[in-house]
Amino acid sequence: MAGVVRYHATTKKQTREKHIDESLVVRWTLISIAVLFITIMIILPLTVVMTEALKKGASVYFAAIAHEDAMSALRLTLITAFIAVPLNTVFGVLVAWAISKFKFRRKQLLLTLIDLPFAVSPVIAGLVFVLMFGAQSYLGPWLSEHDIKIIFAVPGIIIATLFITVPFVAREIIPLMQQQGITEEEAAVSLGAKGFQVFWRVTLPNIKWGLLYGIILCNARAMGEFGAVSVVSGHIRGRTNTLPLHVEILYNEYQFSAAFAIASLLMVLAIITLIVKAIVEWREEVQNIHL
Amino acid sequence: MSKRSIIPGFRLSIGISVFYLSILVLIPLSIIFIKSFELSLAQFWDTIINPRVLASYRISFVTAFCAAIINTVFGLIVAWVLVRYQFPGKKIIDALVDIPFALPTAVAGIALTALYAKNGWIGSLLEPLGIKVAYSPLGIIVALTFIGIPFVVRTVQPVIEDLEKEMEEAAVMLGAYRLRTFLRVVLPTLYPALLTGFTLAFARGIGEYGSVVFISGNMPLVTEISPLLIMTKLEQYDYAGATAIAAVMLIVSFLLLLLINLLQWSMNRRMTANS
Amino acid sequence: MYIRSIRQFLLLFSAVILMVGLLVACGQGNGNNSNELSSSNKVNSNGKEESKSKESNEQAKAKDAVKLLNVSYDPTRELYVEFNEAFAKHWKETANQEVTIEQSHGGSGKQGRAVIDGLEADVVTLALGYDIDAIVDAGLIEPDWQSQYELNSSPYTSTIVFLVRKGNPKNIIDWDDLIKEDVEVITPNPKTSGGARWNYLAAWGYALKQNNNDEEAAKQYVAELFKHVPVLDTGARGSTTTFVEREIGDVLLAWENEAYLSINELGPDKFDIVYPSLSILAEPPVAIVDKVVDKRGTREVAEAYLQFLYTDEGQKIAGKNYYRPTNQAIAEQFNDQFPKLELLQIDEDFGGWKAAQEKHFAEGGLFDQIYTPGS
């Protein structure tokens, strides 16, 4: 099996033959379209965020970020992501394995169920958990008797985030694993690989990019989620405010610069993405040289 | 159910997956239906065919569809460019693609409104041309496009990354033009991923609330989206009415998603059969 | 080699998962902690053990520190930041107890709903009596809340004014001017914003009065008014931003205190306040959430907190934050700031909130009819 994998890894890095590439004109047209699209849709809004954030000077910017409420919001956001992302990653890998490597009926139903949290308005997502755990719900009296707080406390925020980010990893790697089929895995099994080994050694190397994107997206969404969390949080400053909610509070207090400063904090994520990708790419290159 | 596969782990993976989905998705969502049953059938019907509610469905679904189409086209180009070509600033573009997820939707809404309002950078350019983006349905499409960018790019990207160049090479050697190679050989392998990306962007767009309320203007019958109507009901302590609208949205999105998933599946099967 | 790196990758990954497992456990621990925090306020039940360590450091006589949660609506943020500080000082002096007051703000209806659904507020200070009545219906507040404090439990009042661009270029003086051809009016959506309901009712009351109580004519007026509204934001602060930052519209219908705040925060040289000939007396009410204070044992301090709003000091803070004090002596001091004008009253002119709500804002009510196609 190692041979197969190594073969893939090495071909990928070969420079491609001339005749297979698009002409220069086509190539640069495509690049221009892509860059223009990203510029208008993403870079410009980001520039707005940054200019607003720095409008009142760097001191206001850093004061906003270092503020005690902002720090507690950051802490809560990190805790939430730290729990939600790995749980949904494990789930994503498991469900993708089941869907792409086996045949069973009602598979589309399962797939659609995974997609559903995307289609559910975040507002509804929050509402659902209020209806489930709120004081007026069936569980409400029992929960309050035992002094267990879910809604308007940290557990509620985590559950809502979990719900919102369920599909990310799964949806990212399912098409990839489907496209790859099951031949390699079958070969591995017939060569004597057992259980988890098959996934570990054969499947994972092939899906690592997809998996990585999935995790990054899942994480980004977990940290940035606003709607659902807003419904279940209760908006208590310093206690149940996540970063996005803190942004809203500041904005509503006419502290526009501070609000955008906090928002820009979430953009740091993009930089982390960049670094992670760079590291993975670099390691792969180093290893290819050793081969 | 069909012939047993030699690959291990079916029971474990399907068992845990179904359990997890039930706890986290199925049971919570069923609450919506239970709650909406508090209405009599006539009340339920009146709620969901109210002209404003109907208009909001139309607005939500049409704008989400347009945004998803835009994202599919441009997302494919972006993903292709990011994988296949080298150009300065490529890594930055690559990293920026995830921003719409990381940025809280409310911030996105505010930033886009600032940009497209008549005194904004882009809005002031479009105003003389008579194009009004902020506070019009166009604004909703812009917001939903922004929200959905990562979906298509990030689902298509790994697949392109993994494309077997041998196949393309073979096609070219057989004398096919580049465009034909792309349309006949490359694009079909990308269909499942493209469709997935489209589905996700579309589904996400239907439910989006945070960014849209800032840029849409929320005018009844014109730019009022369904999630806003749900919020409106909630503000008046009308849980049952809110869940009724939500239930309809949920069913429609579920059917749409199911349809697309079926379509994708048959496409996938055809593809593997061909290869 | 390659495989080894993948293995490392996975190793790292499983390590992360392990950590998360631990974190989940901790997360539950955290949850418990926060429960403990809140239950530590129950001085009667289990205060003794927990407080020992704390107490040894402090004065022997000092009572346990206590936390209150005040669930309020959007425009009161600045008011309660200042007021909470004053009250904490006052409580320390009179009762020798540390009190910290946590604040939660949002749309009035949304906040009311949160309390009903289990947000443990000791006191609510909302925009409408209607929202507090909804909490009463859920059994959390005693039905006679409105008589618990003076003046219908409304320690401060406000009204609806016009905020126009500097110099009033469209010459907007009264409600009639809002439906002049080229005037654009900004107001939030009465369905989602408590403040906007006051806007709507003030307009309705004015039209009724102008047309000798002819409801048809009043209906036409408000319908015409809302045709001049290009953007319906969901909340009062959203509307202010649309008007101020996006520069849309010629006049903003706003709370008096919001109008002053926008001028101070966003540009004194950009806007003017116009007082129409007739407006409405907005009475944002306050109440103790009986179920919660009894459960947490915070009734005494919560009651003192609301009572403090009626003291000279509390009234002054309200006035400073552009709310009209109800105490005449204090109100005199702010005479320059708050011109006298004719004000409609919700109970006398509209038959109370329940009636107004049903007639105008409920499903299919008069406001909905404005936006029904064909009408």
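The letters A, B and C name the chains in turn, as written, and every chain counts its residues from 1.
In the analysis below, a contact is a pair of C-beta atoms (placed from the backbone, for glycine too) under 8 Å apart; a residue touches a chain by one contact, two chains touch by 3 or more.
Everything quoted here is computed from the prediction, not taken from an experiment.
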- Message: Touching both subunit B and subunit C, which chains are there?
- Response: A
- Taking contacts as defined above, which has more of them, A-B or A-C? A-B
- Averaged-CA centre spacing for the pair subunit C and subunit A, given as whole angstrom: 35
- Message: On a C-alpha centroid basis, what's the spacing between subunit A and subunit B, in Å?
- Response: 15
- Two or more other chains are touched by the subunit B residues 114, 231, 234
- Message: Touching at least two other chains at once: which residues of subunit A meet that condition?
- Response: 251
- Multi-partner residues of subunit C (each touching 2 or more other chains): 116, 245
- Which of the residues in subunit A come into contact with subunit B in the complex? 11, 16-17, 19-20, 22-23, 26-27, 30-31, 33-35, 37-38, 40-46, 48-49, 52, 91, 94-95, 97-98, 101-105, 107-125, 127-129, 131-132, 159, 162-163, 166-167, 171-172, 174-176, 178-182, 185-186, 189-190, 194-196, 198-199, 206-207, 209-210, 213-214, 216-217, 220-221, 223-227, 230, 243-244, 247-248, 251, 259-260, 263, 266-267, 269-271, 273-274, 277-278
- Going by the contact rule at the top, pick out the subunit A residues touching subunit C in the complex. 2, 5-6, 9, 79, 82-83, 86-87, 89-90, 130, 133-136, 140, 144, 147-149, 151-155, 158, 200-201, 204-205, 208, 234-239, 249, 251-254, 256, 283-284, 287-288, 290-291
- In the complex, the residues of subunit B that touch subunit C are 47, 51-52, 113-114, 117-120, 134-135, 213-214, 217-221, 228, 231-232, 234-238, 241
- Message: Show me the residue ranges of subunit B that touch subunit A in the complex, using the header's touch definition.
- Response: 1-3, 5-10, 12-14, 16-18, 20-21, 24-29, 31-32, 35, 74, 77-78, 80-82, 85, 87, 89, 91-108, 110-112, 114-115, 121-122, 145-146, 149-150, 154-155, 157-159, 161-162, 165, 168-169, 172, 178, 189, 192-193, 196, 199-200, 203-204, 206-210, 226-227, 230-231, 234, 239, 242-243, 246, 249-250, 253-254, 256-258, 261-262, 265, 268, 272
- Which residues, counting only subunit C, touch subunit B once they are in their complex? 107, 109-110, 112-113, 116, 134, 189, 191-192, 230-234, 238, 245-248, 361-363, 368, 371-373
